[in-house]
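In what follows, structures are represented as structure tokens.
Presented sequentially are two complexes of chain A, the first with chain B as partner and the second with chain C.
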Partner chain A sequence: MKQNLIGALCAMVAMGGSFAQTSKKPAAKPAPAQVAEAKDAATLEFEKFRAEMEESNPAELFEMKGEEQWKTKRGPNNVSLAESCDLGQGVGKVEGAYVKMPRYFADADAVMDAERRIVWCMVEKQGFKFDDIAKRPFANANFTPDITNLVTYVAGHSRNMKLDVPLKDPKVREAYEIGKEIAAFRAGPYDFSCNTCHGSDGKRIRMQNLPNLSTAKGAMSGVQGWPGYRMTGGVMLTHQWRMGDCFRQQRFPEPKYASDAIAYLLTYMIGNANGQVYKGPGIKR
Partner chain B sequence: MADPMKIRATMKGDVAEVRILMAHPMETGQRKDAAGNTVPPHFIQTMTVEVGGKKVVEGHVGTSVSRNPVFGFKVKGAKTGDKVVVNWVDNKGDKRTDEAAVA
Partner chain C sequence: MTNKLFLAAAMAAPLLTAALPAAADADHRAKAIAVIKKDFKPHGQASLDRLAEDGLQAVCNRSGNKPPEYLAKQMQEDQLAAVKYPPDGKLLGDWKSGEKLAQSGRGFTWSDDPGLPVGGNCYNCHQISPQEHSFGTVGPSLYQFGKLRGNSEEIQKYTYSRIYNSKSYNLCSEMPRFGHIGALKEKQIKDLVALLLDPDSPVNK
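After this line comes the complex of A and B, so read on.
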């Protein structure tokens, strides 16, 4: 496996974290409160590292690429998204668009998150085929789809803005309520729902704290940092990808790309985080 | 052609802090793809940085450096407006030069 500087730093941070934990843990059975405290120390160490990396986040490289693709005439119709795509703030306007989605788009008669909307524009305005985009919608080690660059570019223009999903819009509200239902829907071989892991406070998988998505703070930590650059493998991934990965971890069937279900779940999640500051494309371990 | 770099250079007191983000796959030549074939090595071999016309870094970069690498360092004696010129050459002979000004 390729060991790199980032990996080494990561390991250092992880070690620092576990030291902090062992030194704090008393010999006897630790009280739950103390475990929580030690866990937070590890998290804090990682936060420091992340803050350092945020200043030079490779996500910016994808933003640059996305900007170029946003402004270039492309597709069978030979139009640019900058002159045809309305993200809710007017044609071609990207400033602050990401934090105001998902929203209802009358031209598509659907509630759409940022990624779904850009896909819609690529299909309807530029003439790309949806099936071609949906065939390989997410990045891997050797390939980053255009849509990922574009989402990263758009998200980068909502840096340090407050999330403002228009929940007062009845269509968006309906999507929010359905999203809430989906989050509570138990199924699959494990009889899991999203809420099994993300519906109450203090849950974790190994050292990974799991946010409670029904609270504003928890929902925010599920929104913050997406789209994100994964240091493991150096891959840029979107919020849509993350939702699909949660489905996979629950052993659910794979959700359809850019579907209603994912848009509704994102409406529920981002809606719950409304009013908090989004820091732009992030960096993930 | 290679994708552009992102260069950020800011004065912190009398020292310029330079951060360079490079877009590169940095293949080690040790990885195998899904079909079991070795992925040929493809990595940045040398890089140079000039600040204000003076060469400040001449670096040899190898396969232990990550994909999309970040380089950061501090330069004494630079001033606002100085041109920062970065260039790299990889093992396939592909190269890239980008520049920015110290802010």
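After this line comes the complex of A and C, so read on.
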């Protein structure tokens, strides 16, 4: 990652350099000082708004629905997740489970993020069909899938806990390393990778700040607030959804739901944020 | 899209990448590519062929965006040689149309209507006209681009080719190859050249 960062920096320098060479005139001066101030003003305004909203966080409504669904006997097998689903802390235990995922689950022989694991339980324990869940996995204005409520419920039980992705587990470490390479992979019509936007510090698209996911601080801002209630459209959306939306803007095809690719990327990102406090389901712009 | 060129680049990829020093993380990269190949599905206009690297992408991916100098130089020359200039030789279009185009960030995502024109995406990453405060910082500021460089024939040609294919100058530049992939047409690139170089453009006031 450091190499990428340096690469990107070199690229910027080279860009400026070749402008100067061709023109034989001084390269364009960096953007004036007002840039940083404008960015901060926009961010601060939303932060203030969010602070007010958090008094009555709309995500809590979804947590409550999720709790009910977690505890109710459901699906063709008529069992509850509370009596069948092990999120890594023992069957039915949700306390602190979210901040310790992604992790490796031997029963599935896979590294799974929280959402993927709950889907696995719904399929393997409750008897739901994966394809039915994957057909409409994310919320829209008129519909919130059960899985979104369930993830929000589970995430709510890791509120104010430190992220602790078990990177010492070789299988998780392997997922982390592959995730890191997925983040660096450039392809598509625009030659974009995740790192094009999220691989170096202090970048923006328009006024939107872009966290550098290779750093602890940047990775944390990519993790904090997910799952989140999105003001735009008024929908509850998960971290899986957010990864897909990045690929959309990267001009890539769509990642398959609850796949290795997303689990590995999340392992990389959340792993980089390890040790920092997760504040629970949040509010997003 | 210059298909022939794309094909040539794709065929050259194994040769080119064979020349690169083997990196310690090559194994994880190979696994990452295999995971990407199996874990994506087509959506709207975003088909799976977008996941195939062309030669340039392969070299940048395998060198951490720092290709060996000899390779970068050769490939940049190839990219530059493939730039198609307007047949009438006129490179300065209409800066007002260029400004509108620079504002638009649409195009190529799975949620975009492929029938609609693609935007320039310029303000997403660059400061350009001083009146527009909502600009990105992924690329360098282009404010006073023409004022600092003039608008000689040489500078016009440079600017046109840089928008057409930024990789002609910096092989692993973050900037899309707008002309090379056919995202922006000749007239649109001319309008963007005018936005950057026309003395009447707000960029140069």
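Brief remarks follow.
Convention: the second predicted complex is superposed on the first by the 248 of 285 C-alpha atoms of A that agree within 3 Å, B and C clash if a C-alpha of one lies under 4 Å from a C-alpha of the other, contacts with A are read in each partner's own complex, and residues count from 1 in each chain.
What we mean here is this: contacts are C-beta pairs under 8 Å (C-beta built on N, C-alpha and C of every residue); 3 or more make two chains touch, one makes a residue touch a chain.
Every value quoted in this text rests on a predicted model; they were computed, and no experiment measured them.
In the superposition on chain A, A:Ala134 makes contact with neither chain B nor chain C.
Applying the stated contact rule after C-alpha superposition, one finds that A:Ala82 touches neither chain B nor chain C.
Within the superposed three-chain model, A:Ala41 lies out of touch with both chain B and chain C [touch as defined at top].
After overlaying the two complexes on the shared chain, residue contacts for A:Val277 are found with neither chain B nor chain C.
More residues of chain A lie in touch with C than with the remaining chain of the pair chain B and chain C.
Touch criterion met: A:Gly202 reaches chain C, while chain B stays clear of it. Residues 3-4, 6-7 of chain A contact both chain B in one complex and chain C in the other. The residues of chain A lying in touch with chain C in their complex are 3-4, 6-8, 10-12, 14-16, 18-19, 22-23, 25-31, 34-35, 38, 174, 177-182, 184-193, 196-197, 202-208, 210, 247-249, 251-256, 259-262, 264. Contact residues of chain A toward chain B in the complex are 2-7, 53, 55-56, 58, 60-61, 64-65, 141-142, 229, 231, 233-234. Residues 3-4, 6, 8, 19, 21, 23, 25, 28, 30-31, 33, 63-70, 72 of chain B touch chain A in their complex.
Listing the residues of chain C that touch chain A in their complex gives 25, 28-29, 31-33, 35-36, 38-43, 46-48, 50-53, 56-57, 60-61, 64-66, 105, 108-111, 123-125, 127, 133-145, 148-150, 154-155, 158, 166-167, 169-170, 172-174, 176-177, 181, 183.
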